[in-house]
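Note that chain A is present in both complexes that follow, paired respectively with chain B and with chain C.
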Partner chain A sequence: MRIAVCIKQAVDEAELKFDHAGNAILSNAQTKLSTFDKNAVEEALRIKTLKGGEVIAFSAGNNESKKGLKEALAMGADRAVHIITETYERSSLTVSKLLSKAIEKYKPFDLILFSEGSSDIYTSLVPGQVSTMLGLPFIPFARKIEVHDKDVKVSQTLEEKTVIISSPLPAAISVVSEINQPRYPTLVQIMQAARKQIDEIREDSLGVEPKGYRVEYIRAQSVERKKVIFEGPPEETARKLLDALKREGVVK
Partner chain B sequence: MRVAIFAENEKDLAELASAASIFAGREEMIEVSIAGEEKNISCCGRKVVYKLKGKQELNPEAISNVLRHVGEKYGISVFLLSTSKLCRAVASILSILTDTECITDAFDLSIEGKDVLASRGVFAGKATARLRCSIPCILTIKQGKYNPAEKVPCEVIYEDFTPPTKLNIVEVSEPQKASVDLKSARIIVSVGRGLKRKDDISMVEELAKALGAALGCSRPISSDLGWLPEEHHIGLTGVSVKPDLYIAIGISGQLQHLAGIKDSKIIAAINTDKSAPIFQACDYGVVGDMYKVVPELVKLLKSS
Partner chain C sequence: MSGLIEREHELLLLQSYKEGEQYIEALRNIAAFLEENVLPFSEEIDLGKRSISELRKSLFKHGLCSIPFNPEFGGLGLPFSVYVLAMELAGAADASIALSMAIHNTVADIINMYGSPEQKEKILPELLSGKKLASFALTEPSSGSDARNMNTRVEKRGDSFVINGSKTYITNAPEADVFLVFARSENGHVCLVVDRDTEGLEVGKNMEKLGMRGSTTAEVFFSECKVDSSSLVGKEGEGFEYAKSGLNSSRIVMGSICVGIASTAFRKAAIFSLERRAFGKSISEFQLIGEKIANMKLKINASRFLCFFASRMRELGMDFSSHAAQAKVFATESSLEVCDSAIQIFGGQGYTSSDVNRHWRDARLLTIGEGTSEILRILIAKKELAGLR
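After this line comes the complex of A and B, so read on.
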C-alpha cells in the first residue's frame, strides 16, 4: 500500500507577534508542524503497519517546511518531498495545485491523507481540492479508517451525525484530531531521520500559476478584556467574583 | 450577478440570503435544495430542487456536482455556503470542479470592482485576515454574522439530474439527541484539565445548575480523557460559543480553546496558576483552587 500524506509547516500561532500598527509579522515568524498534521502522519503509519508499503510525506512551503518533513520522517515516514515556494503566503488553491502536481510525479498511491485543516489558517480547503484535482473520491473529517484490499470504510463525524462512508481505492481522506494519538519520535529516530531522503521540487518547475485569494492584511484581533484578577481565600474571591458578575448583569 | 446559496438548515440559509444581498437582489438569488420536494417559500426568488437518492444528501461529492450543474445551467457568479463541515468539503471540491477561488469562514463582505473582499479569523482567532478574491467565487459564510433574511413565496423549479459519485454512504446515525445546546446557552460553565477525576464533574455540574448554565469543556476532557461527550467540546475543532457569561474552570487557555470563546460577552476564569494564559483573556479571574472556589460559589448562589 502506497500512502501519501500532505503536511504543512505552519506559523506557530502561540508565538505570532504583531507590529505597532497591529499587523502580523510573518517574515521569520516561528513555525511548527501544523498540530493536526501529526494525526495524519500517525494514521498513515498505522495503516502501513497493518498493510505494509510505503509512506511519503509531501509539503509545499518555504525552507521552514523541511523541519516539518523531518518530523514526519522521524515519526516513521519513509520518504519526503518538499515543494519549495518563495513565501509562506500562498493561497489554498495554489498550494493544492502544487501538491497535486507533485503527487502526480510519485504515482501510484492507494491513499492520500490530510488533516482536517491547518492550525494556523484552517481553511480546510486543501484536502478536497487536491483530491478533486487528482480525480480521487474524497472523504472529509474521518474519525476512524478501515482499509480493505480494494476499498476503504470511514466513520465520519459531522456536527450532529456520524456517517459511515465507503469508497473504492485509491481515495483521499482528511482526518480529525480525535482519530489517534500521534507518537513522539525518539532521539534515535530523530537522528535516523536526518539521513532519510527529502526530494526537492521547485514551485516554478510545476507550471502552477499562483491563483486564489490574496491577502490584504492580517491584523491582531482586538478584543479587550478587563483582566480583573482576584486573589485570596476562596470564600472571599468567590464572593468578589459573583459580585462582579452581578454588576455586569450576567448573573441575577 | 446571480448568486446560489446552499446550506443544510433553514437558519443558515436565511443568513446566507442576507449575506448574498450585496451581490444581487432577491430575484437573482437561487436557493439550491437536494430534498426532492419543497414548499414555494424561500429567502430567495427561486428555489431549484434536486433529489439525491438514498443518503446522498450527506455526500460532498454528489452535492458539489449538483452545485456545478446549477452553476452551468443558471450562470452563477457567486456560491454562498454555510461553514458546516459538509459545506466546507463541498466548497473545496466545487472550487476545483468550477476552477474558482474560495474563501471559508467569511464575514464583512464587500465588493470592489470585480473582486470580493472578506474577513476571516486566522491563527486560532488571534488575528483577522482581510482577503481579496475575484468573482466568480465560492464563499462559506461564518455563522451568526448576518441577520436572517425573511422568507416569502418563490418560484420552484425541479431538476432531474443524478450527480456522479464514487462514494457510498453506508449508514447514518442520527444525533445521540444532543444533550447540551452550547450555541444558544446564555451562561456556560466549562471545565478543563484542572479536573482531577471524572467523578468531580458533578461538582462543576452543581455550579452549572445553580447558574442555569450549560456545561462545556476543553479538548482534553472530551477528546483525550473521554470524561464528557464530544458535543461539550468548545474550541477551534469543537463548538464556537457566544454566551453572555463564560466561566472557564481549570482551563489554562490554549489558543485553540480561546478561539471558540472569544465572542463571549464576559469571560470569567478560575485557575491555580496565576501565569495561565486564560488570565490574559478574561474579564474576571480568580487565582485559586477550583476544588475550593467552585463549592464556595455554589454555596453563595444557593443562599442568595
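After this line comes the complex of A and C, so read on.
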C-alpha cells in the first residue's frame, strides 16, 4: 500500500500578530504543521501498520515547509517531498496543481490523504482539486477509514447520520480531526527523522504558473459592542430595551 | 513559537552548535509534549490530587532522560547543554517531575562515568528508559553539608558488602527501584548500587514538604543490608569523589530547573500585570511594577546563561565545579526572588492561590538541596582564590 499524505506548514494562529491597521503580519510569522494535518499523517501511518507499504509526505510552500515535513518524518513517514515555492502566499489552485504534479512524479499511489482543511486559512479546497486533477474518486470528511485490498470503506458523520461510502482504490480522502489521536514523535524519532530523505522540487520545474486568486491582505475583524445600560424600574427598563432592539432591527 | 520555548533557547543552541537547528527541533518537541501532557496538571500535582508517576513514565518514554547519554546504552548522544535546557522546560512545566527525573539522572550520570562496563550495560538501559527509577542516597540525619563525615558504614565480608546506617531527605526513595548509596568503609568512602528488594533495606514514609510536593522524599534505613561485591561502583575509597563529581553536574541541572520555575512564575505575573486594572489603568503601566517585570526577566536570563555556560564547560572537558556552583547559587536565589515578585504582583491572589505561590515553594528547596548556597559560596571562593595563589 503506497500512501501519499499532503500537508501544509500553516501560520500558527495562536502566535499571529497584527499591525495597527489590523493586518496580519505574515512575514516572519511563526508557523506550525497545520493542526489537522497531523490527523492525516497519523491515519496514513495507522493504515501502513495494518497493510504495510510506504508513506510519502508532500508539502508545497516556502522553506518553512521543511519543518512540517520533518515532523511528518519524525511521526513515521518514510520519505518527504518538498515543492519549494518562493513565498508563503500561493492560491489553493496553484498549490493543488503543484501537489498533483509532484504526486504524479511519485505514482503509483493507492491512497492520497488530506486533512479536512488547514488550520490557518481553512478553505478546504485543495483535497477536492488535487483529486480532480489526478482523476481520482474523492471522499471528504472521513471519520473512519477501512482499507481492503481493492477498495476502501469510509464513514462520514453528517449531523445525526453516519454515511458509509465505498470506493475502489486508488482514491483520495480527507479526514476530520476526530478520526484519531495523532502521536507525538519521541526524541529518538526526531533524531532519526534528521537522517530521512526530503526530496526537493522547485515549483518552476513543474510547469505551474502561479495563478488563481492572490491574497491582498488578511485582516482581523472586530465588532464594537454598544455597551448600553438601561437603568430604572423593571417595567421601564424592559420597555427601553424593547425600543432599542426595535430601533436596531433585532425585533419587529 | 511554542509557549515554553523562548528566543534565548534557540539563540544559545544556534550560536553554540552547527547542529543547532536539529537541537532546537528536539527542544521544541519536548516543549510541545510538556505543554500538552504535564503543564495542565501541575496545580493538581501540587495539591496532591495527582501522582507524578504516569506523567514521569511518559516523559521517560519520550526520551527526556536519554538526551545526554551514549546511544550504546539507549541514550540519544546529544550534548549535555541540550539536556540542561530540556530540564529547564521540564521545570517550567512541573518542578516536582523535573526534580524527580534530575535526581534519577544524577545516578545514571555517575554510573555512566564510573561504573564498570557490566554495570553500564545492565543498569543504564533500565534507567534511561525509566523501567527502573533511581534514588541518590547521600544525606544523613547528622550530615548534610558535611556529607564527607557520614555515619553509614560498610564492611567487606567475603565477597559481599554489608551496609548499616540511615539516610534522610532522599528524593524518589518511596518509589525507587534502585539506590545509589554512599557509605564509609575502613578504606574510605564507597559507592554502591543497591536494589530496593535487598534484605535489610527499608524505606520510611513519604515526608510532607513545603514545595516540590509531587516528588516523594523519605528516609532509607540499612540494617545488615548485604550486597554482592559487583554492586561496587568504581573503586573503594573513591566514593565521595564520585558523589562530588555527580553533584557538580547536578547543580547545573538544579539551577536550570529553577530557571524554568522562574520563567513560568514570570509569564503568569507579566500577563496578570497587563490584565489587572487599578486607578483606571493596567497595573503594568505603573513604574514600580515595570521595575519588577524588568528585574525578573534579567534574573531569568542571567541565570539561564550561567547554567548554559557551566554546561558548555563540562562538554568541553574543563573544570566546571566553580561555574556549576555559581550557576546554582545564582539561579536558585534569583528564582526565589522572581517567584516572590510574582506573588507580590498578584497580591492577595498570589498569597492564596497554589497556582501562583507553588513556584516560590518549589524553588525554596533548591537553595538547600544539592549543596546549600552557603556551602557553594565557600566552594566558589576557595576555587577562585586558589587560582590567584
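Keep in mind that, in the parts below, the second predicted complex is superposed on the first by the 220 of 252 C-alpha atoms of A that agree within 3 Å, B and C clash if a C-alpha of one lies under 4 Å from a C-alpha of the other, contacts with A are read in each partner's own complex, and residues count from 1 in each chain.
Everything that follows uses one rule, which is that a contact is a pair of C-beta atoms (placed from the backbone, for glycine too) under 8 Å apart; a residue touches a chain by one contact, two chains touch by 3 or more.
Everything numeric in this text was worked out from a predicted model, so none of it was measured.
*Asks:* Looking at chain A, does chain B or chain C touch a larger number of its residues?
*Replies:* Residues of chain A touched, chain B against chain C: more for B.
*Asks:* Of the partners chain B and chain C, which touch A:L241 in the superposed model: first, second, both, neither?
*Replies:* In the superposition, A:L241 contacts chain B only.
*Asks:* Under the stated touch criterion, which partner chain does A:Q30 make contact with: chain B (first), chain C (second), both, or neither?
*Replies:* So A:Q30 only meets chain C here.
*Asks:* Under the stated touch criterion, which partner chain does A:S167 make contact with: chain B (first), chain C (second), both, or neither?
*Replies:* So A:S167 only meets chain B here.
*Asks:* Could you tell me if A:V11 is touching chain B, chain C, both of them or neither one (first, second, both, neither)?
*Replies:* The first partner, chain B, only.
*Asks:* Report for A:M191: first if it touches chain B alone, second if chain C alone, otherwise both or neither.
*Replies:* Touch partner of A:M191: chain C, not chain B.
*Asks:* Can you check the complex and tell me which residues of chain C touch chain A?
*Replies:* 1, 22, 25-26, 29-30, 32-33, 36, 61-64, 66-67, 76, 78
*Asks:* Which residues of chain A touch chain C once you look at their complex with the stated criterion?
*Replies:* Touch list, chain A to chain C: 12, 15, 30, 67, 70, 74, 184-188, 190-191, 194.
*Asks:* Once bound in the complex, which stretches of chain A touch chain B?
*Replies:* Its residues touching chain B are 11, 13-14, 16, 18, 24, 35-36, 91-93, 96, 116, 119-129, 131-133, 137-141, 153, 157-168, 171, 176-178, 181, 211-221, 223, 225-232, 234-235, 237-242, 244-245, 248, 250-251.
*Asks:* In the complex formed with chain A, which residues of chain B make contact?
*Replies:* Residues 55, 58-61, 64, 84-86, 88-89, 91-93, 95-97, 101-105, 117, 121-133, 165-175, 178, 187, 211, 223-224, 230, 236-237, 244-245, 255-256, 262, 265-268, 270, 274, 279-289, 292-293, 296-297, 299-301 of chain B touch chain A in their complex.
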